[in-house]
Amino acid sequence: MTPIPRHEIAAILERALVEDLALAGDLTTNALVPADHQSEGRIVAREQGTIAGLDIGLRVFDLIGGTVVAERHVQDGERVSAGTVLATLQGSSRTILSGERTCLNLLGHLSGIATTTASVVDQVAGSGTRVADTRKTTPGLRSLEKYAVRCGGGINHRFGLHDAVMIKDNHLALANSIGEAVSSARAAIGHTVSITVEVDRLDQIEEAIEAGADILLIDNLRGDELRRAVEIVGGRAVTEASGGITPDVAADIAAAGVDIISLGWITHSAPRLDVALDI
Amino acid sequence: MTPIPRHEIAAILERALVEDLALAGDLTTNALVPADHQSEGRIVAREQGTIAGLDIGLRVFDLIGGTVVAERHVQDGERVSAGTVLATLQGSSRTILSGERTCLNLLGHLSGIATTTASVVDQVAGSGTRVADTRKTTPGLRSLEKYAVRCGGGINHRFGLHDAVMIKDNHLALANSIGEAVSSARAAIGHTVSITVEVDRLDQIEEAIEAGADILLIDNLRGDELRRAVEIVGGRAVTEASGGITPDVAADIAAAGVDIISLGWITHSAPRLDVALDI
Amino acid sequence: MTPIPRHEIAAILERALVEDLALAGDLTTNALVPADHQSEGRIVAREQGTIAGLDIGLRVFDLIGGTVVAERHVQDGERVSAGTVLATLQGSSRTILSGERTCLNLLGHLSGIATTTASVVDQVAGSGTRVADTRKTTPGLRSLEKYAVRCGGGINHRFGLHDAVMIKDNHLALANSIGEAVSSARAAIGHTVSITVEVDRLDQIEEAIEAGADILLIDNLRGDELRRAVEIVGGRAVTEASGGITPDVAADIAAAGVDIISLGWITHSAPRLDVALDI
Amino acid sequence: MTPIPRHEIAAILERALVEDLALAGDLTTNALVPADHQSEGRIVAREQGTIAGLDIGLRVFDLIGGTVVAERHVQDGERVSAGTVLATLQGSSRTILSGERTCLNLLGHLSGIATTTASVVDQVAGSGTRVADTRKTTPGLRSLEKYAVRCGGGINHRFGLHDAVMIKDNHLALANSIGEAVSSARAAIGHTVSITVEVDRLDQIEEAIEAGADILLIDNLRGDELRRAVEIVGGRAVTEASGGITPDVAADIAAAGVDIISLGWITHSAPRLDVALDI
Amino acid sequence: MTPIPRHEIAAILERALVEDLALAGDLTTNALVPADHQSEGRIVAREQGTIAGLDIGLRVFDLIGGTVVAERHVQDGERVSAGTVLATLQGSSRTILSGERTCLNLLGHLSGIATTTASVVDQVAGSGTRVADTRKTTPGLRSLEKYAVRCGGGINHRFGLHDAVMIKDNHLALANSIGEAVSSARAAIGHTVSITVEVDRLDQIEEAIEAGADILLIDNLRGDELRRAVEIVGGRAVTEASGGITPDVAADIAAAGVDIISLGWITHSAPRLDVALDI
Amino acid sequence: MTPIPRHEIAAILERALVEDLALAGDLTTNALVPADHQSEGRIVAREQGTIAGLDIGLRVFDLIGGTVVAERHVQDGERVSAGTVLATLQGSSRTILSGERTCLNLLGHLSGIATTTASVVDQVAGSGTRVADTRKTTPGLRSLEKYAVRCGGGINHRFGLHDAVMIKDNHLALANSIGEAVSSARAAIGHTVSITVEVDRLDQIEEAIEAGADILLIDNLRGDELRRAVEIVGGRAVTEASGGITPDVAADIAAAGVDIISLGWITHSAPRLDVALDI
């Protein structure tokens, strides 16, 4: 799994710890647990799912301070059954107790996304269609959530407005034609940047391809109409189906032959995976 | 609704914008939309729900720069039907287009939490029981998510490990008795800090109350056993039911007479409210 | 002593070092002391007092870089006589010389607060009254100064406006009654948050208690009047005396039977403890 | 008065507000005071003194948000009698109440330093001797505390290790001679940087001057010996008396004819000036 | 010109001002210029060139505080002759004097890059070849320097390692073949990300194109060999010439028919444009 | 070489890495190079020059994470011939490849400044004149660029507006006389701060010296006139020649007998030294 840069993880973890510990720290643990007390803990998946964020969650204990040695038993991206021990912790009881919730919040949130992604990937298995995320992510956690999508077997759409062009209906409304819009964009951007054109009617496809779009985002078409769209493209551009897709319709859409399905559902509506720390 | 301090909102929004705009900004909009082009937009709820984060979302446009004037039609905490126009925007097309997704991500996420909270609050209506959140929040967004819970009619549990004592089973395992644990905590903390003791058996209740617990967190008891627990407490401490509570069991638990129900579900598993920006 | 979270110490120390070293570093030491020169130093208390901030001060040398090994001879919270060697340093002369002043500034400031706090604690010894700080702290150093109060045997009042309710005269002036103010506050806050009501007349006490105040802050009453206030409360709430208290009147106030004395004097007017680094 | 750069003030104020308001804000005020309630307040000096930090303190209200208009009645550096109204505030009651303590903590702390400085300046009035601070400042507040010294009529010593060379006994111990130390330093630094040599014996003075020291810091000499030191220097360098100076000995030391008296006491042991906000 | 996001400019300017003003501010100006003194200034190009960074430089004055009104006479991207007045300033003399150097450093540096870029763009005029930058930028200023390249008529290569794939010889050395390397990359990245393959021999071109490379970076080929490379590609991929290109060889390389010339020289070796502020 | 404080280097490197790796990291390397693959690399100077920034550049690999052991073969400040191996790296291939460009950008930029500085130092060798930088540095990199000047054998002028007074023509225009300006400045600043007066006519020199200027910045005088200026000063102040100096006229100016030559050219127009990483 392509890892997340270190500085990015550190920034997120530090903010999470500041939220939880603030200026006074863990009042309960510091009052009740001696500084030199040692414990052993096990991070366990309470339900089956795909793991994401285990290393990231474990770094919480390093940042709190105090020595905790963690042994990982699974890797990010691995599918586990209910009851699987994901990691074993050994060390300062204070550190383990103070870091528990922050570690689990990260691990549960990211594994929830990975698990949901994996379930969509399973739906389209064998079709050749790939599953991509969107920019519908939790503000401040895009790097982690897109990583979790990769852990679940998905691929990442653009990271933001800054690394790819996507010409949507609102942009087209301001241009004379798709062709003009693509030309204007091409003139303004670098040669490494791809251009996606969003179409929601079959008659826009030929114009978009001729204009030089690299990717056609086919919005809200389904069934025969979507199949027809793929035929018209005929391999001359990447085809991406998008727009209100939920896991239950993924297989049908894939069957239409699109290269990519993109859906915000896997990031913005994935329920947390139930993970716990047993001490 | 108690508002969130300004510096906290600014920190979250800045991070969100850095994610999306990075060093190069909105490639598509800057290429296709003239700098002086003006638009009007409407933020609309696509489904019914309780709104949270409208002001916060609108501040995105201020931070991007360019002038956008927003008129709000509802307040945070208000329940709206599908199709309700939440706010009207007028101003720089570039700013509106570049800020759209970040604004909606915040608004959809927070309104999802408010809506889910409100649905639980509805379940317990008339019982006198209040609905509280937990520390199971998205790392980095606790301030916003706890605010969304307030918008949904819930109350906030402690903000972190730093502002209240909660003595859990792991802490009790290290003490000789509940009484000793409460005394040690009381000696270490200030007089404004409350002490919660988690109990999961009826025979622990009397000891916890005698030890001076302010709040009894009754973990995972249900039905008659929970009713019995409330009777034993007899108003001598605040009673809080917790542990794997989902909306469907909330009414039953409230009927047992507890003062508070706390559940992580309203923050970690609330689906996003569908909101959109029509231009 | 409940420790301060690591990130908080790091943030304060980094800012302190930036002030002193800025972009050019220690011009004198770097010009005159070879990079590999080694020294031994001893941190010494030049007067008797209570130590706070020794570990924090020693971390300065780690952050500067270069290897300095420190052996601590006392713990934070310990009372020492004049001449006591608090710690021994061994390592890079450059690091020791460059970090000396920042280390001593922290140690002297915090030990001054601890020493002053301890002197008030001594005054009320045997009375059962505890000594608490206030929010009258140096901007940016509240976490450290409240820690120093704990080192001196005091307890911490609320950390800020965010973690406890305190209804003062200005708030009461805007409410119809104490009862209404307490109810409004209770409705807005979580169940773990305590409510203090400030009273400066005996006739307010009964109303405040009936309204459900957890703590009565009795402002500026002294002698018989204060004793009478404690009697009226009769154990139904925590009693806290406050308002212009200086160490010399502490014993008298404690004799009135209040649970808590809170005074800003121990943070805002504590003279620095004289500490030095002998090389 | 030379003002402090804006970014520096903003950084300090933001940290101070984060301490006090954290993630939840002012619980009491937000619960009890309507968002549109207006108040008038007056910032008053409760005792006589020299003001420093009025503008800085007033900026707190801007940063909190909500509109508060402040009218200043005195300037930083002005001496005021007890009861003087320093500024009048008009605007949002919430903002005034939430910002009150942070504003007063800054104003009281800095005015305390200015007042103490002014009292030393008064002691040496007419002598031609100037009063300077040291690096014995509160970590993180050096910029503000040195500004307060200027408000009190003092001058600033170097801001840190980075902007002037000061060769102390520990540095000399590593050099063969004062002359060699000064030469090494001169070779390493820029031509705009001054060199101070610390001497504690009369026989070091000639050597230091011949070596080219710009300033002689005469450590711990008093009375005739100090007078003799000034004579030996004979105007060939700036003379600075330092080392354990308290306000009561300042006049005597000035009478010896030194150019500068520097003392940490005015920053590290200045009691806070009593200021209040009447609403 | 596609603008730079606001937060990015603010971050760079704040750091620049902290460098220059630090804790004490502009000692000279604050000592000699009254706070209410007004001046008029003109920013002038002392030599001909292409302007970049005028708006950014002018924002320096806003951040310092004090009121300065600036009227711009040219736009970024405009070519000017020696002596052209770029902007007129009116307002606080202190602000103008304190911000002068930081403003000019930005404007001179960025205009230097724009001017150098424009000179290369001129060399290849009429050829259809475009001029692109590289990642050889000054650490911390990539956003500004790439903006300056756009002002000079160039286009931006990838912004970093994160937004496009470029397979270089070191990467190829670890793969069995170009085909395998491209496939592995394609499988790991999103569908919006382009793949460039670096080739330095004619016999690699066919393999790279068949593997699906979007862009061929032809390294260090010149003259006939480069022309032959373009022929082999035959429009099936974008062709980019790179490797030690300086302005004097640009025209020859463009004549070979490549789509893009990329050169680090325009960022890392562009001399500053001479700009001044006349008061 | 006086080193740069650690926090300053860390701040610059972190920003540089965020630019290059952002949220997604090195797409190419992570896709193609196994996490445990090891490589050996050599950092080589491709042309002769003076090295600056080797340690700083090597710290890039530490910050990226993954283990890379570096052996340095030269020290900053050393002059090397073309082909010299500056350091050998051994360790994680991913880390080496991901850090390569950021390391080289720093090393090439700083060594370019050191090399240019050294070339000017060579020009004035034997004259006793020293070579100083200015404030014409790249925004955000002043600490590093001034360090590079030291590596090249130059000295540092003031670091900013905050650490030395320089009275320029614009300041003088607001004063009645040079004497008054110097007195006003002296009254406002501390005794460790030096005062430079800029003069551009011979008849200003005597007045400036009598006013007590420590340094005379002689602007734009050349040849006999400059020689005459040095004579008039007669050792009563430091003499500094400045104003549009380029390397080719340095020797002539030094021959006039000035103490210091200061020139912005060595920072703002130094071409990068060609350095590479061979794997």
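So that you can tell them apart, the chains are marked A, B, C, D, E and F in the order they are listed, and the count of residues begins at 1 in each.
We take it that a residue touches a chain if its C-beta (ideal position, glycine included) is under 8 Å from a C-beta of that chain, and two chains touch if they have at least 3 such contacts.
As the structure is a computational prediction, the values presented were derived from the model and not from experiment.
When the partners of subunit A are compared with those of subunit C, the chains appearing in both lists are B, D, E, F.
The pair with more inter-chain C-beta contacts, choosing from B-C and E-F, is E-F. Shared numbers divided by all numbers used gives the overlap of an interface; between subunit D and subunit E this overlap falls below half, so the copies present different residues. Between subunit A and subunit F the centroid-to-centroid distance comes to 44 Å (mean Cα coordinates, whole Å).
Each chain gets a centre from the mean of its Cα atoms; for subunit D and subunit F, those two points are 32 Å apart.
Note: centroid distance subunit A to subunit D, computed from Cα atoms, is 52 Å.
Shown for subunit C are the residues in touch with two or more other chains, namely 2, 19, 21-25, 27, 30-31, 142-143, 156, 159, 162-164, 188-189, 193.
Only residues 2, 130, 132, 155-159, 162-164, 188-194, 196, 214-215, 238, 240, 259-260 of subunit C touch subunit B when the two sit together in their complex.
By the touch rule above, subunit F contacts subunit E in their complex via residues 12-13, 15-16, 19-33, 37, 93, 97-98, 101-102, 105-106, 108-109, 135-143, 159-168, 170-171, 173-175, 181, 184-185, 187-189, 193, 268-269, 271-272, 279.
Looking at the complex, you find that subunit A touches subunit F at residues 2-8, 142-143, 146, 156, 159. Considering their complex, residues 19, 22-23 of subunit C touch subunit E. On subunit F, the positions that touch subunit A within their shared complex are 14, 17-18, 21-25, 27, 30-31, 63-65.
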